[in-house]
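Following are the structures in question.
Two complexes, one shared chain (chain A), two partners (chain B, chain C).
For the complex of A and B:
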């Protein structure tokens, strides 16, 4: 479990059952130094609590204090891993890696060592698209991550700036898999955060864990989640339902159409304790209704857990799942046309990515 | 201290320095090094090396007894332990089989891990900078261009090449990509040394690689040989070479624990 300060008060998190926390870790969420969204400012290490209007130059004098407060808080919660935070930039400055080492990696590692803390250390890394597509940038970030001798692994976040709900970019997905593979080849633990259903695809690179977020903003990383944007207009997403058989979220409008046009339409969707309620005529579909998210959480968890342990078997199963999903989509599309956020347009790309990755791992 | 020493003879090695073998009544045989301080950078490098060696108390490094700078003459003098033995260049025949090579590597990793733990990269590992003691144990010398990762870099960013011995250097040294210098730089150097010991020739030597580039160009293009007309392929040596002689550090062994774990399983 990954704990998110923006969503839970620091004292409430401290009071949570230790059993819930001892297998998880904290995402410190120091992405923006000056934004105190949600309950972030209840955390002792939040920069605004160290100094009002905290800015980058303040890190020169406060890096040790910040490291101490952040690590002490993580220790008090008895999380499994100690997390080194990262900052977010729209465009990374040329000194980003140097600064990250000086402001975070070195003081955090030194404090952990000084306190004799016997827990694994994960480094948070936000991977921007350019770090996957540009070889020089990719080399730079990989050399930086793997260059820290005392780090055991990474809390890896692929930034998602795609306008479509599913990622359909062949190069992006293949490079993401290769990125994970390189880190695994370096004997590092890899924990993936903020993934949507492409988590299934990433699983073939054998990361150590993949987070399952229920809400849309937990299934892809966007910095807006950490910015106070009260005055900006909010766009409510359409209610959607996940199907593990289709490997896709289907817009409620299409489910209504399927109901009218496909007699056994319910069979395209998984069974869960939430399903009967959602398929009752009086159920009012709305993005804020909890049932579709609970349903997803339950179904996707089951789907992830059903993945074979062996990489070869996992790859074969996923390919077979994709082929089956394509067959099911064909049946749907005979009667109901779908837009490209509810259809199967991501699946051929996924299939091709898997094939390309298979070649990569046999090299 | 130097006044108490009796000079025995001048030693041939030393580059820009004058090096004498001498006898000290308490320390025994010592080496006296004298040389000119050519710049602030060279003074800072000498100081860093001396300070490091003074705090190291290990069989893998020569002991440092004395250091002095003469401001008037702009000269330095250093007195350090004389290491009995031969430089690895003259002891290549002692390490020809994979077992012998991996045993030596294991000892070298033990020695180097002492400085790696201090965030220091040797940056100039080569057969001339390793002395093999009579008991077969290596002693690592010449930390003159070592990179102290916690201290300010002394290498000019605009220099086309970083400090190194080019034919034993890594791609990142040859291109002065100083931001990615770390212990994996030394791993690459160890890869060259190991393969040279096994083959009896420099692995990037164009004569054996079969091209017309120089050794340095072959290092930059990652073209090396695992065999010669008289030496056959060895899987363990090949695997070690593969995991050390990579252009990108992230493709090499990640840290010395992983490196040592691999090496210690090979013999």
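For the complex of A and C:
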């Protein structure tokens, strides 16, 4: 479990059952350094609590204090891993890696060592599209990650700027798999955050863990989630239901069309304790209703856990799942004209990515 | 094309329409409604210069709250859609063309059916019932029993 400071008050998190925390870790969320979104400013290490109007130059003098407060808070919670935070930039400055080492990696590692903390250390890394597509930039970030002696692994976040709900970019997905593989080849633990259904695809690169997020903004990383945008208009997403058989989230209004046009439409969706309620005519679908997300947690958790342990078997299983999903979609599309965010248009790309990755790992 | 089409609709079918109706499933360019006793029939139009497939996907969404949904393309670009008329038949979506000379031609009249979503249909009807606009000649774009 990954704990999110913008969503839970620091004291409440401290009071949570230790059993819940000892298998998880904290995402420190210093992406924007001093933006007090949600409950972030209740955390002792929040830069605004060290100095009002804290800015980047203040890190020169406060880096050690920030590291101490952040690590002490993580220790007090007894999380499984110690997390080193990262900053977010729209365009990364040329000195980004140097700065990140000086401001975060070195003071955090030194403090952990000085306190004799016997826990694994994960480095937070936001991977931007350019770091996947540009070989030079990719090598630079990989060299930086693997160049730290005391780091056991990464909390890896692939930034998602795609306008579609599912990722359909062949190169992006294949490069993401290669990125994970290189880290694993370097004996690093890889924990993936902010993933949607493509988590299944990423699983074939054998990462150590994959996050499952509920709302859309927890299933893809966008910096807006950490910006105080109270005055900006926000458009609520349509309610959707995940189907493990279709490997897709289907817009509820299409489910209504399926109900009218496909007699056994319910069979396209998984069974759960929440399904009977959601399929009752009087159920008021809304993106903020909890049942579709609880259903998703239950179904997707089962789907992830059912993945075979061996990479070869996992790849074959996923290919077979994609083929089956395409067959099911053909039945739906005979009657219901789905849009690009509820249809199967991501699946052929995923299938091709798996084939290309298979060639990559047998090289 | 949109303004011309709106003038055409008004002149031929009356002013019982809603322009760019939001809060439903998609945003239809025009929603026409005909009230008869307690019954309300709803016809949605998606107006596009070209890209018939995208227009059809949008028009299909409108079937969630409409009895009939039409794609209206510029006459200049309608041929690729006519060549795929079976696509429109399969999904029961109307196909028509319009040009700046005010020529409106229907290539496929869809069957009148119940909307997919009772909730969205009722939401729209509740809104429609608040006004007294009248339609005329609407039967010319609705398939008759003989045509079925």
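One rule holds in what follows: the second predicted complex is superposed on the first by the 363 of 363 C-alpha atoms of A that agree within 3 Å, B and C clash if a C-alpha of one lies under 4 Å from a C-alpha of the other, contacts with A are read in each partner's own complex, and residues count from 1 in each chain.
The rule is simple: contacts are C-beta pairs under 8 Å (C-beta built on N, C-alpha and C of every residue); 3 or more make two chains touch, one makes a residue touch a chain.
Not measured: the values here are computed from a predicted model.
Trainee: Chain B versus chain C on the shared chain A, clash or fit?
Mentor: In the arrangement built by aligning on chain A, the partners chain C and chain B fit side by side.
Trainee: Should A:263 be classified as contacting the first partner (chain B), the second (chain C), both, or neither?
Mentor: neither
Trainee: Angle at chain A between chain B and chain C: what is it in degrees to the nearest 10, using CA centres?
Mentor: 140
Trainee: Mind working out whether A:93 is in touch with chain B, chain C, both or neither, as first, second, both or neither?
Mentor: In the superposition, A:93 contacts neither chain B nor chain C.
Trainee: First (chain B), second (chain C), both or neither: which does A:139 touch?
Mentor: first
Trainee: Under the stated touch criterion, which partner chain does A:147 make contact with: chain B (first), chain C (second), both, or neither?
Mentor: The first partner, chain B, only.
Trainee: Once the shared chain is lined up, is A:182 touching chain B (first), chain C (second), both, or neither of them?
Mentor: first
Trainee: Classify the contacts of A:337 with the two partner chains as first (chain B alone), second (chain C alone), both, or neither.
Mentor: second
Trainee: So in the superposed three-chain picture, is A:222 touching just chain B, just chain C, both, or none of them (first/second/both/neither)?
Mentor: A:222 sits against neither chain B nor chain C.
Trainee: Quick one: minimum Cα-Cα distance, chain B versus chain C, in the superposed arrangement, integer Å.
Mentor: The answer is 46 Å, the least C-alpha separation in the overlay.
Trainee: Hey, what residues of chain A end up touching chain B and chain C alike?
Mentor: No residue of chain A touches both chain B and chain C.
Trainee: Which of the residues in chain A come into contact with chain B in the complex?
Mentor: Per the touch definition, chain A meets chain B at residues 97-98, 139-140, 142-147, 149, 182, 185-188.
Trainee: Mind listing the chain B positions that touch chain A in their complex?
Mentor: 116, 179-180, 182-184, 248-251, 254-256, 258
Trainee: List the residues on chain C that touch chain A in their complex, please.
Mentor: Going through chain C, the ones touching chain A are 25, 56-57, 60-61, 63-64, 90-91, 93, 114, 116-120.
Trainee: Under the stated contact criterion, what part of chain A meets chain C in this complex?
Mentor: Answer in residue numbers: 238, 251, 253, 256-257, 259-261, 281, 284, 334, 336-340.
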